[in-house]
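Presented sequentially are two complexes of chain A, the first with chain B as partner and the second with chain C.
For the complex of A and B:
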């Protein structure tokens, strides 16, 4: 049955288990991680569903995300206000999608959101440029960047509108070999 | 106390959700009963006219078959109100309404079970989940009307308990998986392709553990506990001539002496049909365990392949999305270490630059003829190497047979075969790589060729070894006839001489150590495999120790007083060779499968080996290796290695099946001694242990005229199933190619095909 814990009610834990890919122990561990980022702000007792949000700065310093070039975008995609502050619900949701148990389709949906920097539901040329710069830490020259972005649009854009919609993105990603294992909001383990 | 608290909050929840439902009903302007809000599952309410009308409307919309979720949600408002009124009125609950309600409950349940896959915000997921759960709970009770109500409620309760039990069990299972943290640590430092080797190793360990349990529990333990003890029979005793040296370490290391005559090897087992007070049929068990080792391995490998196949839908040779994939799939999300991250950024940049250069140079003119000539030359050279290594092994095995007849053989002569095989395995792959530089392939294709060649090398070596072993076995079989006669006459002579004293007492039995022994080819085969495995283990560990650890120490400490920078140039730190290690693991397992029938203890040795490998290699990787410099897109999908494993499984099944079917077992050792063929134990068991009609059934079933059509039927069924599966995937693939008109045509065509196939069932 597990230890007697007073952080969540049993229904809350069951509901979290139904809505994420985590086991009971992992959810409690996640709460521990969330709490230790800001022990004065995050209450230990979540039975009443308190309305607490942590700012982006704290979250992107987590060891799992620290080295990731897309950490700000990841946190923004999961925050409700789009500014990057996460409540515990969003926090759990984020790690659930990033875990290795999440299916490819779900990851692809969030990947699209992450790479869509201007949140217009399309990955346009400027989004691609920003992605590339983050990936290479701005080591490529301007012509190289333009060349790569043009090639990407040429390869993946199916409907000819000069930018990647979700259908184009999903189509391209589903054909990638070894897609599932590590890449694209990949298995981050807490 | 917990239970009651749960119940209270549950009922509170139900009350709250029901209140919500009722409030919604009120807001819709429908009349609720005057009795007010009560937390009962059923309440008497007269159905008003509009409620009945809305019920009919809902029925119609449901009948149209549009089960869309949004529609479901908007209809739910109407349906819950009408359904609640229906559920309260016992007489008016017709078949149709019951079916509709059941369908809604099913849909809600499906929604609950797939909630975690929905791309909604958590808050939304939680609230939708709560609503769906409340709905299900409310109407599940209502569905069980009439006679079956108690039974239905009971069934539902059992289903809920079962779900909860499964969830607890899954939670428990994830806690039991060993080495999870260790592998995660390796993953965060080295990326996922290195970690995939360790995951594969752990999986192999699990499989071997099960095989070991089977063999140990069903074969070794019964013989040791219930069979005749050591020294009571010729086959279980060290012969007089060898007893002087039987405890020497060098003899034991060669697996002769006391080890040879122990339960580790085939020769120890007695051919008594039943042993002990349990009447345990040991020969039958030995045979069945041998077969089930292969059966279980086959099942586990195929299941793993099927699981992997479901996840990967694409063929890896698609070259259409190079830049897109580089952009979106090159970052390894498992990296948590800044040094590794730096490496990764650098390699991504390099990779992009390379692709850009490739793109810009793609129209360069190349001398095709020169390239072709070089490739042919390289292949010829490599085939020469392979033939050479095969011949070398054959020669060495033949030589070891002559050595075994000589006295005073040194350590080298005794172990020559194993040394040569290990050396070949160590030096040929780098040789292949150097020759392959002539071919000038793309690195990914080059790696495939390299892996294929190493595979051919190992396979060739193994089979040459087997062939040479077969010759040895045939010789031993010939020798056996001679020895059998000698033994027979010796025993007779001893019997007569002891009877010649004229006493009427029973003749003293010849001491088991003095009975002349047959050559027992099965034990020899088992010993050869065990020695090969042990030397393979040693070579692997020494290679890791010297090639990785000593090298790292040297580079680290000698770098202070060396002319050039050891860390940047030659030799620098080693990278973890994933494919080499995985291939080694796969081939090692092949040897285990081949040898386990003749040496039941071999699987135990392998379990120990895998266990120590895990710790040793994890330590070696963390302490002496550096992450890969190149972002190698050559990371194979797991299915490639599983496919290799499957191939090796079949290839190792062949020699064992051949020897079981066509070679006669030794006359004086092993559980099948005295029979003409090993598989006769099955016939014997059927005749003696089962009632008569079973034997008759088997004799009919074993008719080829029945077996061949059965096999054909199975093949036909498998083909049909895989055809149906591929049919299902094609429309999805077509949708992706973006050619609407042809897509539509082909889609309808395939849908028709699918319908005809399903109709034909």
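For the complex of A and C:
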């Protein structure tokens, strides 16, 4: 290994290492994965910080995300323009937060964003209904869905505004230690 | 009116406990204290959303930004929707404050703080560059004379960090089976993964024990070894007797002399080495178990009153670990079924049983408990009488023919058969009892299994310590060691067989003959109990057979691979949702509480009360194993240089007053902590009520 790679400058790699939870090797591996999704578009030379974005369709076909019911929301939460296209920065950021080294609070923040379908900073009833549909593949009837969502809001809503703010969400997951487990797709396998 | 305040002003008045000050907790998931982790403080803008704009500032100040940023638009777009012309100033000011804060922290803290920021990568890099510029400005500003020195230091610091980073890249190679565990987790979820992680953890205990036994006891013994006159036939591998009796495998072989092979070198006192190695190993194990249990308990403890399934079921149970398509579909189906079941429970009226029905249920419960306890007692009695017969065989004489050897294996095989088949009886009883929730049924079954295993191990220990130790055999410790060796071996064989029958054959039956059964599920509870049982036997056996951890190490590794292959080939992902975090805590608790503490008491009785055999072992001729230590202290009293050791021994270790005072202090501290926890619970309740009151008050005022 050493200094033979020409994809990034040392300074860029240092910056990536400081800003994410990855090591040099993993960042280079991530670049490899990013490149192989669209070899014609993604340059091998990133020293000038090219402005390249990959559309959501390519990213949600990655094996780590393909089967995830929340794949579109995950990609949207990390994309800068909100449409789901990820630059390499966003790509690395996404896997950094999803990796097992990211602390629980950071994962909680992004989990909240993921479950917030209409991006209004609250998990309201419609968000919960969409979550439930994705979780159960639309097996429940409309009545059952409404019932469950009402129960959830009843339980978790602390300040009584009928929807879950980040505070309510954080409070609820602090009582559920299994929350740490969910966000654990492993580091990208080469 | 207070309600007309800007969200930003209100939040600024709140005490700003932002992420940056928490960086002193290195990794907040490693909090060792009794208190729940200090969660991020949040400002309360949620009630003001009616008043303020729904889109909020992209504050880069972490204490507020993470709630209010909704999509990661660059900050120049934010002020579009704001009404006040003064919005840009607070943003810049916040950022300057942040940069200043970051610049004043140490490097590692700064890196952690930047990593934790929920911003876009571009923003984080910008902030990082600004911080670095700030730092170079500061250092340039502060020291012009020492510039060369500080540059050197900074250069070396950067080099060290790069080195540390590259080391950490290779550290994952040291982790055993890292990739295998990931694959298991991806296909079967975290509950099955927890079994394998537990197995790996137990393996490290055995590895550690084997290493220190090998270095401190076995290698010195090789220098003082007596020649082995017995012949080796292949049967010894199974019975542990014969040739192995005169090897380092058993206690009886070890010398009680002080070994001095090196000319003019320090002599090596085998007695002290033996007792101290075993003692220190157990002390370290105790501490490790205690700390792991406390950490796990503190992290995973759920107040059972406030935890009810619904909200967490919805938002917290999706296991993002799973990437396999079939597993995902199965998980979704299970979640749907669970939610439906939960709903029907809610919708159902509480069943009112009539008096006769309730009495009937109680009688059935009583009868099944009596039956299960009775079976356990019967099993113990059987084992006891069988072992007494065994002893008679031994003492009568060494029969080295096939029949004699086979007779030695009867006891372990019977014990393993009891351990394997009685649990089926218990689960059948559980079906009869018709519990209200299936979860309760599982807990009752596991409890009964634990009682069975504890009683069997207990009766065996009683037999060893009371009957074998006082029998007329030549070397009772070696006999005990042989018994344990055979038990461990047969248990290992049964574990593999159980995997074969329980999973492989069951899959064949489930897919060809009786298709309604389907694929088997991996029985986590049963397998974990088997592991704990095997580890208990190993711990008991360390004193009598120092090589036993090495043997167990090999057996655990083989079990890992066999279980993994069997799992991948034969099993389907579990249907019920196991609360994994609670499960791992209870595994550790089970390992510590009946298993390890039981072992400690057995070892304690052996070391303090039993008379070692006259003709063999490192403690021959002494009145108890502990007498080696007391005699050593007597010798030390003659040297002035080691008076402090003698003092510690007499006043701290053998003095009852010291332990009494220590216990009283610990009880007082426990009581204080308990009261603090109760106080905090009351405070939480009060604060919760306050939140609701405040928000109701304000919404009332708004509509007024």
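The criterion applied here is as follows: the second predicted complex is superposed on the first by the 179 of 190 C-alpha atoms of A that agree within 3 Å, B and C clash if a C-alpha of one lies under 4 Å from a C-alpha of the other, contacts with A are read in each partner's own complex, and residues count from 1 in each chain.
The rule is short, and it goes like this: a residue touches a chain if its C-beta (ideal position, glycine included) is under 8 Å from a C-beta of that chain, and two chains touch if they have at least 3 such contacts.
Just so you know, these numbers come straight off a predicted model, no measurement behind them.
Enquirer: Looking at the overlay on chain A, is there a clash between chain B and chain C, or do the two fit?
Expert: clash
Enquirer: So in the superposed three-chain picture, is A:9 touching just chain B, just chain C, both, or none of them (first/second/both/neither)?
Expert: A:9 contacts chain B only, not chain C.
Enquirer: Report for A:104: first if it touches chain B alone, second if chain C alone, otherwise both or neither.
Expert: After superposition on chain A, A:104 lies in contact with both partners, chain B and chain C.
Enquirer: Look at A:147 in the shared chain and tell me whether it touches chain B only, chain C only, both, or neither; answer first, second, both or neither.
Expert: The answer is both, since A:147 touches chain B and chain C.
Enquirer: Overlap of the chain B and chain C footprints on chain A, residue-wise?
Expert: In chain A, positions 15, 17-21, 23-25, 63-64, 66-70, 80, 89-90, 92-93, 96, 98, 102-106, 109-111, 115, 128, 131-132, 135-137, 139-140, 144, 147-148, 151-152, 155-156, 158-159, 169, 171-186 sit in both the chain B and chain C interfaces.
Enquirer: Can you list the residues on chain A that touch chain B in the complex?
Expert: Interface residues on the chain A side: 1, 9-11, 15, 17-21, 23-25, 63-64, 66-70, 80, 89-90, 92-93, 96, 98, 102-106, 109-111, 115, 128, 131-132, 135-137, 139-140, 144, 147-148, 151-152, 155-156, 158-159, 169, 171-189.
Enquirer: With touch defined as at the start, can you tell me which chain B residues reach chain A in the complex?
Expert: Going by the criterion above, the answer is residues 2, 6, 9-10, 13, 112, 115-117, 119, 121-123, 125-126, 129-130, 167, 170-171, 174-175, 184, 191-193, 196, 311-316, 318, 320-325, 327-338, 340-341, 345, 348-349, 352-353, 355-356, 359, 635-637, 736, 738.
Enquirer: Spell out the residues on chain A that touch chain C in their complex, using ranges where they run on.
Expert: Counting only chain A, the residues touching chain C are 14-15, 17-21, 23-26, 63-64, 66-70, 78-82, 89-90, 92-93, 96, 98, 102-106, 109-111, 113, 115-116, 119-122, 128, 131-132, 135-137, 139-140, 144, 147-148, 151-152, 155-156, 158-161, 165-167, 169-186.
Enquirer: Taking the complex as given, what residues does chain C use to touch chain A?
Expert: 19, 27-29, 36-37, 39-40, 42, 44, 46-47, 49, 54, 56, 66-68, 70-74, 111, 114-116, 118, 120-122, 124-125, 128-129, 162, 165-166, 168-169, 182, 185-186, 190, 299-303, 306-308, 310-312, 314-325, 328-329, 332-333, 335-336, 339-340, 343, 346, 579-582, 688, 691-692, 694-696, 699
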